[in-house]
Amino acid sequence: MRDVAIVSFAQSNTAREDRNEVEILIPVVQEAVKRSGLPRGEIGFTCSGSSDFLQGQPFAFVMALDGVGAWPPVKESHVEMDGAWALYEAWVKIQTGEVDSALVYAFGKTSSGDVAEVQALQLDPYCVTPLWPDADSIAALQARLYLEGSARTERDLADVAVRSRRDAMDNPHAVASGATDAETLLAEPYRCSPLRDHDCPMTSDGATAMVIVAGDLATRLSERPVWIRGIDHRIDPPALGVRDLSRAPSAERAASRAGVLEAPVDFAEIDAPYTHQELILREAFGLSDGVRINPSGGSLCARTLMSSGLNRIGDAALRIARGEGDRALAHATQGPCLQQNLVCVLEGE
Amino acid sequence: MSEEAAPVTYIVTPVRLEYDHSAGNAATLFLRGLAQRKIIGTRTGPGQPVLVPPRGADPRTAELALEAVEVSDKGTIVSYSIVRVPSENIHFELPYVCINILLDGADVPFFHVLQNCPLDEVRIGMRARAHWVPDEQLAPTIASIEYFEPIDEPDVPFDRIREHT
Amino acid sequence: MAIRCGVVGIGQTKYDAKRIDVSMPGLVREAALRALEDADLTFADVDAVVIGKAPDMFEGVMLPENYLADAVGASGKPLLRVHTAGSVGGSTAIVAMSLIQAGIHDRVLTLSWEKQSESNAMWGLTLSPPFSVAVVAGAGGYFAPLIRSYIQRSGAPEDVGIRTALKDRQNALKNPYAHLRIEGIDFDQIANSPMLWDPIRYLESCPSSDGACAMVVAREELALKAPRPPAWVLATAMRSEPNQFPGRDAVNPQAGQLAARDLYKQAGIGNPRREIDCAEIYVPFSWFEAMWMENLGFAALNEGWKMVYEGATALDGDLPVNMSGGVLSSNAIGASGMVRFAEAAMQVRRQAGEHQLDDVKIAMGHAYGGGSQYFALCLFGVEKP
Amino acid sequence: MAEGSGGEVLRGPHVLEYPYRRSLGPALGRFFTGLRDRRFEGIRSRSAGVIVPPQEYDPDTSEALDEFVEVGPAGAIVSWTWVTRPRKKQPLDHPFAYALIRLDGADASLLHVVDVGDESRLATGVRVKPRWAVERGGGIRDIECFELEETE
């Protein structure tokens, strides 16, 4: 396999964007391309992730082409998934040898729709969507199963929120942050039991861009390229009533295929929109308690649908590039209750 | 055995999603311009091509194009089609003519509808002008231009507009 | 050199206005099973699944492939969902091929589909949000002016579209999967069919279909062991360009030209007209065959229409095009691009039954999407590259 | 930033709406026909036992499934959550629970709503039974909701 490194990453996240997707994307793509050290015209492949349902219009990604330098014509593809899977497709393209570099981007205006309701369209269209369960209720069913099947309590969930919000204070792209304590949070009423507001994601609007490059070109472009040592993704069956929602088998499998346990990780950026999901995923990855989790504050504190998974990978890469850790696990999820998971192992020089 | 013999073979699952849509800067410039009976394009900077309708970027350079430039509501038809199929949001009597018109001052054609022109007289190179709704009905919507209609000016030769057809 | 990849299994559903006999899982299953049976494989032999589909608004399900995971044997495996507008069926196949060429998987099931009868294609394609800055007149409303421009430039006679549609509709009578199979179709029937978006008549336009198409692609060593001869992937190419900008030629788009040149360079093809034996290309409105002949370098500028006139693109011509009846005869939007690739591969594997040509060594699959902006191309060969 | 009257960006409602019409195939056809006739049909699978609602393919092996098994009508709550402010489209207009319910004879659970008046009466394992809608034949909402088994 060719060694591929992340050489630049840029993002923008705010609670509500009034700009259109192109206007949000342009500065982010320009920053990522500038930081990569490669002229836009020399980047071999372009791949993006988004979903039409966020804005309620088909072909939203077609308009986005205006803002990413698709002239002269580019080798380009798009996945109707989180940008992390666009990164995977770009990584594969580089492995074929056809290109040596790729621009990966993702965007989403989560705030324009009622996102808790929009996500009901991700469920069984025949037997579940017509009941219109909101996304938090679906996650709460998983949370209860997990808590009642383990030694964890609602306090453990609150601890995840406290830590995430404190770490998010150093992350300008987090939408929620601040110092608080578990007691204060646990005194709040349930949003949908057993979950309270602090257990649920702060949705945000934004865009993300990243440049990845193969082999020696990466070492020429960047003093500390962040190598993608392993990357894999898997999916579990769809039916919520069939799955064991207290586990994420596809995350376990992706982690082992990506080689997570081949050496200790210094920290992990886990795409867990809900606090209980971080605990489920930490168990899936077999991470010891000493590993720092979500130094960026994670998707709990800023969740732009279709790009928050790519943001976890980007945040992890930034931290390694700054020398704050040599090996990290970065994860992205998709689908209801962690149905589909991507894991990548990042290493500095 | 069952109350009604015939099996259920389909279901209807209505979906209705409500969005609070924000137009973005470019569309806001354009639509607020229409509310004042002006057609506003945008460009990346002085001397750059004027894009109508503005979508926020000059796609060739992927730079933000938000500098407002007013263009004429007159222009040259560079392509057209006679439409005989109803469409969700166009309420003209069928058949009607839809046109790509290069407005004077703009560098990309603008798509709209032509009226008050016999179907067999529509041609590439023809001059036409916007027919606005009455002033009191002007609003930040594409409907502020009701349609385009022919004007009595000589046709523009094909060679001068070839690259736009 | 990337690892060689061959198509070892192809499956298609019957394309129809409404497939009310199946659920969405059942529809994709039908194509997936046929592809596996053609390759004499089961779901357990498949390492990964790549699914393609056009806008999810047609079915009203967000990321429906998550719900379809067990229907296509994806549990515990990687599953990717590609969406590049109309070209998606082609680009999905290319993504699947790249998983083989990169040495990541040995066998990949790729599938693309649309079940448009869950809603209605015209509604899906004319959705315009508030604050839209342009009038929306549907696909035909966008493409008809481009055809008008082509006629103006090339001086092509007005009946080129009718002749193309007649050829494709007669071919469809030799394709059991085709949606529109109009017995006794003739020139006048097409010429007299109602004009929709001038100059496009009803029988010069594609239908809206439910349907799915699947292929199994495999690594060289496994492709050689397949029960039927593989269609070897000689070259793939994808290019995209923005929708509207000063000087853009949407009639003869640069992205299509560059994709074709890249394809021919990879496959070492100097004269595509002579060296390629046949092509399945994406023609949703009849005139696009003439336009794509030029865009793909089979004909000189402004002379693509002559190939239709001289019968060059007929079944007995020197470059048969759309032997299957093409998009004019079946159009499940998400699947149509892959159907082009599959039908080209079927010609190379001598699997096309009644519409099988003699002695096909190299066949092209072509798909486009958006405002003539997204292009996905593939060349299949009898011989390994 | 924006020329002309008022600088801020235009905002307004956009509605995406369609009455999707879904053909059912063998498994869902049988399930919804059963619901119309106030019966629950599950399907036997090798990897997950009896699944409700019945699906056409095994969740793990993907093999086709065709052995239907009548289950329920009552069952036990496997997991639940409480909706304090129901949304317009949700099945009940007063606070209720979404729950995963394992019907008697089934191994997998069915997602539906439970009407019990007050959250305190709910717990994993509580027995519930269906309250059938008057008008039926339209799918999953032929079950108006579930209610506690002991209520008459």
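Order of writing sets the chain letters: A, B, C and D. Residues in each chain are counted from 1.
Please note the rule applied: contacts are C-beta pairs under 8 Å (C-beta built on N, C-alpha and C of every residue); 3 or more make two chains touch, one makes a residue touch a chain.
All values derive from a computational prediction rather than experimental measurement.
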Two chains joined by the most C-beta pairs in contact, as defined above: A-C
Farthest-lying chain, centroid of Cα atoms versus that of chain A: B
Approximate Å spacing (C-alpha centroids) for the pair chain A, chain C: 33
Distance between chain centroids, defined by C-alpha means - chain A, chain D (Å): 29
Whole-Å gap between the CA centroids of chain A and chain B: 37
Sequence positions of chain C contacting 2 or more other chains: 20, 23-24, 57, 59-60, 70, 75-76, 123, 127, 129-131, 242-243, 245
Junction residues of chain D - those touching two or more other chains: 8-16, 18, 20-24, 28, 55, 59-60, 89, 139
Sites on chain B at which at least two other chains make contact: 9-11, 13, 15, 17-28, 31, 55, 59-60, 66, 140
Contact graph of the chains (line, ring, star, complete, other): complete
Chain C partner contacts - residues on chain B that touch it in the complex: 9-10, 13, 15, 19, 21, 23, 26-28, 30-31, 49, 51, 53-55, 58-60, 78-85, 87-90, 95, 98-100, 107-108, 110-113, 124, 140-142, 158, 162-163, 165
Residues of chain A defined as touching chain C within the complex: 1, 46, 51-53, 55-59, 61-63, 65-66, 70-81, 85, 88-89, 92-93, 95-98, 118-119, 121-126, 129, 232-239, 249-250, 253, 334-336, 339-340
In the complex with chain B, residue positions of chain A that touch it: 16-20, 22-23, 26-27, 29-30, 40, 53, 55-56, 63, 65-71, 109, 111-114, 117-118, 121, 125-126, 129-130
Residue ranges of chain C in contact with chain D within the complex: 18-26, 29, 43-44, 57, 59-60, 70-73, 75-76, 117-119, 123, 127, 129-131
In the complex with chain A, residue positions of chain D that touch it: 8-9, 11, 14-16, 20, 22, 24, 28, 31, 48, 51-53, 55, 59-60, 78-84, 87, 89-91, 98-100, 108-113, 119, 124, 139-141
